[in-house]
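Here come two complexes built around chain A, the first alongside chain B, the second alongside chain C.
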Partner chain A sequence: MKVTFPHMGNLYIPLRTFFENLGAEVVVPPLSSKRTLEIGCKYSPEFACLPLKVTLGNFIEALEMGADTIVMAGGVGPCRFGYYAEVQREILKDLGYDFDMIVLEPPQGHFWDLIKKFKYITNKKSFKEIYLAGKLAWKKIILLDRLEKMVNRIRAVELEKGKTDKAYKKALNLISNARDEQELAFARQQIAKEISSIKKAKERNLLKVGLVGEIYTLLEPFVNFNIEKQLGELGVLVERSIYISQWVRENLLPSFMKSKEPEVLAKLAEPYIPCFVGGHGRESVAQIVSYAKQGFDGVIHLLPLTCMPEIVAKSVLPMVSKIHSIPVMTFVLDEHSAETGLRTRLEAFVDLIRERKEEKEFGVLSGD
Partner chain B sequence: MRIGVPRALFYYMYYPFWKTFFEALGHEVILSSPTNKKILKDGLEFAVDDACLPVKVFHGHIVDLIEKVDVLFIPRIISIEPGEFICPKFLGLPDMVKSSIPDLPPIIDSNLSVYKNRKGLIEHAKSIGTDLGHSSKLILKAYKIASTKFNSYKKFQISHEKLPLDSGQKSFFDSNSSYFSRHKNKCLGENTLNVLLLGHPYNIYDNYISMNLITKLQKNGIKVITPEIIPVKNISAGAKNLKKRLFWTLGKNIIGSTYYYMDCGKALDGIIHLASFGCGPDSIVGELLERKLSRNRLVPFLRINIDEHSGEEGFNTRLEAFIDVIEGRRRN
Partner chain C sequence: MECYLGIDVGSVSTNFALIDKHGKMLKKLYLRTAGRPIEAIKSGLKILKEDLKDDIKIKGVGTTGSGRKLASVIVGADVVKNEITAHAVASISEIPTVQTILEIGGQDSKIIILRDGIVVDFAMNTVCAAGTGSFLDRQAQRLGIPIELFGEIAIRSKNPTRIAGRCAVFAESDMIHKQQLGYKVEDILKGLCQALVRNYLANVAKGKEIKPPVVFQGGVAANSGIKRAFEEELGMEIIVPEHFDVMGALGAALLAKKAMSQNKQKQTNFYGFEAAFKEHRAESFECNGCPNLCEIVQIYVDNKLMARWGDRCGRWSENVAV
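Moving on, here comes the complex of A and B:
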């Protein structure tokens, strides 16, 4: 059995660790590229959202490399993601591929169902073995999230251009190659050393921008044109609202192990969207309010074209932005998005918030 | 009080309930005009760009009502079948309208969710009634009247195969209420062509959005079958063929009706799927439908996507070609 899965940012690192430690052979699809997008779009329904198309491309590329078992996540709606696997299975079947598709449904009280599926994928490994493999993968996720957070802070102030990204790449390799917890602990030290050796400029008035929106477009640098890096290059400190660890906590853990944090956060969106609207629509709004309260200079909102929950969010954004006095810019992403256009708009946005910030500070100085 | 009900979206399913309920409470129900050019234009102007056509049109209906009513009724519809959802945009509809259209009268945005169980409809009625300041005794009374009427209307709709199609200014419910229980649908002869028309009720029954699709089909002697006149148990039986339960009610109705007709050997001459551009659920449902139908190629299938730029000429041409195909097949 050769297991494969879709890409979403750095998710492939812990997933590979997990399945390999359980003795499965893993085929990691090539990182999402123009080709992935092209074949994905060719065979996907035209109005499906971008993540469906790109992940279909991932699957085809992995099947070409010899994978025969696809592991995909499911869902119970109302967001379309929950039905991705069903459509993708039919498309791949019509294309003539021979494969098995295992859909991990969120454990709404069926946590054992999830374990059973893992057992099937991993050739009836014991619960303990699954737990241990899961633990290492989870530690990698935590470390990856921390690494990404650090990189997004430092990139904006690095003195030597490109140094941070070099260290980032190296760190990803270290985390990816760690075979057990000891090696991972060692990798953590290495990474800390590497990152702290980057020379930083002393910037007092650093611009701070929050990134909110639909999870896939936030986490997958290929579809968002590496927006975090681009903002960093423009001298902006970036904070992203969703990390993989949160997604795993919310979707794969049984409810008693979930944190209360999301509920507290959702309260912030109450005046605008008082109830769950699927996906992260309500959370996007809540995050914007939260960033405004933390004194961020602006927020960027990402969504795939026709994303239903985020369209609801987008429609209330003008009001949120006005009431909390924080500039918000929305990027709608699809297969026709172009990097140059995004870059131009980003630069304009950064100029705007920089000017706004300077004006504010000048106002304070002159006693306005 | 004059309560404004937009003639859009779930109007086509719940109007009989809402109208009876409001009237039992002693209010006047004001319906917006049937969708027209101005309503569409207003909708395009106020709604967020990324919204789909029916949601934009809904915004237009709100604008149409603003001047005419004391209170606007924009329910937050979360779920209309236990364990199922509808499109996420309905969950945030009142929020979208509130932040997109200025100077609105007070809004009743009571939740309607039967996700957990069917009692959701009582809760819905209670919440509306409380917002309007009525006693719970009166609300319960009104609910009983409304739900009885609503249920018997649904039964009537299925048994008489009566599509919820407005005629002129008159709503489908009002124009049918005189027939109620005595009118029998014309029993059509053997030679009639049967076409299964799939799509969300607010697209297929809105004569403006659907460019009179149903009337055009009927004028050609075609019997139009839609999920609204297919008994629920048949739809559920059809939907059981799916590997995974579909969590959108309207999508389930579309797929369930198709599977039911395909698998039960019922005679069908053609299938039409009308979807609006950018419809999230239909991008998935339409794909499953098309793949299923193109595998066995038994029934001609026409898929029409509509948006605010759709022209009637192109639409007519495609429709005529489709009708030619199914008529030709019947002759052979």
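Moving on, here comes the complex of A and C:
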């Protein structure tokens, strides 16, 4: 059995670790590229959103490399994503591929169903073995999230251009290659050393921008034109609202192990979106309110074209932005590749929040 | 005399603004880009050089527009700024109390909301180019009307016909339909102006709070029919500034002036008007390093590689010094 899965940012690192440690052979599809997008779009329904198209491209590229078992996430609720695995299965079958597809549905009370699926993939490994493999993968997820957060902070103030991204690339390799917890602990030390050796400028008035929106477009740098890096290069500290660890906590753990944090957060969106609207629509709004309260200078909202939950969120953004006095800019992402347009808007947005911040501080100084 | 130069390389026009140290416009140029930005920039420099007296000294250069990076490589810029900021800066310099800027250019349209001289919100068109200069150009051409007379004729209409403005394709088929039914040209043109304004307000302005003073700029501001349609729809006076057609370039020049005055020691990066007589060559190739197949553009000046861009990973753009 050769297992593969779709790309979503750095998710491939813990997934590979998990399945390999359970003795499965893993085929990691090539990182999403223009080719992935091209073949994905060619075989996808035109009106589907970008996540379906790019992940279908991932699957085709992995099948070409000899994969025979696809692990895909499912879902419930108004977001169409829950149905994508089924659609992709049919498309791939029509294309004549021979494969198994295992859909991991969020375990709303069916936690054992999830374990059963893992057992199938891993050739009847025991619960304990699954737990141990999961533990290492989980530790990698935590470390990756911490790494990404650090990188997004440091990139904005690095003195030597490109230094942070070099260190980041190296760190990803270290985490990816760690075979056990001991090696991972060593990798953590190496990374800390590497990152702390980056020379940083002392910036007192650093701009802070929060990124919110649909999870896939937030996490996959290929589809969002590496927006975190672009903002960093413009001298902006970036914080993302969703990290993989949170998503795993909320979606793959049984309910008694879940934290209460998301529920508390969702309360912030209540005046604008009082109920669950699918995907992260409500969370996006809640996060904007939260960023405003934390004193962020602006928020960027990302969504793939035709994403219903985020369109619902978008419709209340003008109000949220006004009431909480925080500039919000929405980017709708699709197949087009006009990076110039995105860059122009990003630069203008950064100019806007910078001027706003300076004005505010000037007001404070002059006693207005 | 000490001067500052602003260059706005847009999709349809390439504009130059030369200002003195007080920000006063000395000379402006509006040239067609015609798909060849490098040539447009060079011919602009040549025209400026011929027209100007020798005592002109360029102290700083700013570039803006979608070709700002390219322009900066060719002329040597001190400031490279996005067009939204540049337009806002220019507008504030002409009408300091401005609260709303409507800007419609050749390929894009934007709205900029300002309060107390600060940009607080903006948006650019995303859906389609209906309602921008290129579309108006094309329709005027189809009806055999010089674009300069478009507005004048539209204003004569007393009975504008209703045209769908949501999409350029629908708008055109609506216009053809109405013309075949026998509507007068002026009524169709006025209808088109109203449709474009409706489309702009629905797709670009999208419920943003439009407060006076409202400034209308960009090439399309020359069209009095559109200006009138805005006034009727918004119920406010619309101000078209004197240099409406080169506001981006003016903003870039003002930004260059500001940057240079903040840093007195700094010499300008400007290569001089001689840049127009150098040989510029742009080459592109597809990188085969990974499946992204990025298209890399290389700019040569007198056969020397001066800039590279287009790669996602930085493999080429980071290694220019060969």
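Keep this in mind: the second predicted complex is superposed on the first by the 367 of 368 C-alpha atoms of A that agree within 3 Å, B and C clash if a C-alpha of one lies under 4 Å from a C-alpha of the other, contacts with A are read in each partner's own complex, and residues count from 1 in each chain.
Just so we're on the same page, a contact is a pair of C-beta atoms (placed from the backbone, for glycine too) under 8 Å apart; a residue touches a chain by one contact, two chains touch by 3 or more.
Note that the coordinates shown come from a computational prediction; the quantities given were computed from them, not determined experimentally.
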Contacts of A:K117 with chain B and chain C, given as first, second, both or neither: neither
First, second, both or neither for A:G279, with chain B first and chain C second: first
First, second, both or neither for A:K149, with chain B first and chain C second: neither
Touched partner set for A:K200, first chain B, second chain C, both or neither: neither
Partner chain(s) touched by A:V76 [first = chain B, second = chain C, both, neither]: first
Most chain A residues touched (candidates chain B, chain C): B
First (chain B), second (chain C), both or neither touched by A:K170: neither
First (chain B), second (chain C), both or neither touched by A:P318: both
Touching partner for A:V332 - first (chain B), second (chain C), both, neither: both
Touching partner for A:T36 - first (chain B), second (chain C), both, neither: second
Residues of chain A that lie at the interface with chain B and also at the interface with chain C: 318, 332
Chain A contact footprint on chain C (complex, rising order): 66, 81-85, 116, 118-122, 124, 126, 207-208, 290-294, 312, 314, 318
Complex interface listing, chain A residues touching chain B: 45-49, 74, 76-80, 82-83, 85-87, 89-91, 94, 103, 272-279, 281, 305-309, 311-316, 318-319, 332
Residues of chain A defined as touching chain C within the complex: 30-31, 33-36, 162, 226, 318, 327, 332, 340-341, 343-345, 347-348, 351-352, 355-356, 359
Partner chain A, residues of chain B touching it in the complex: 47-48, 50-51, 76, 78, 84-89, 91-92, 95-96, 99-100, 111, 242-244, 246-248, 277-284, 286-288, 291, 295, 305
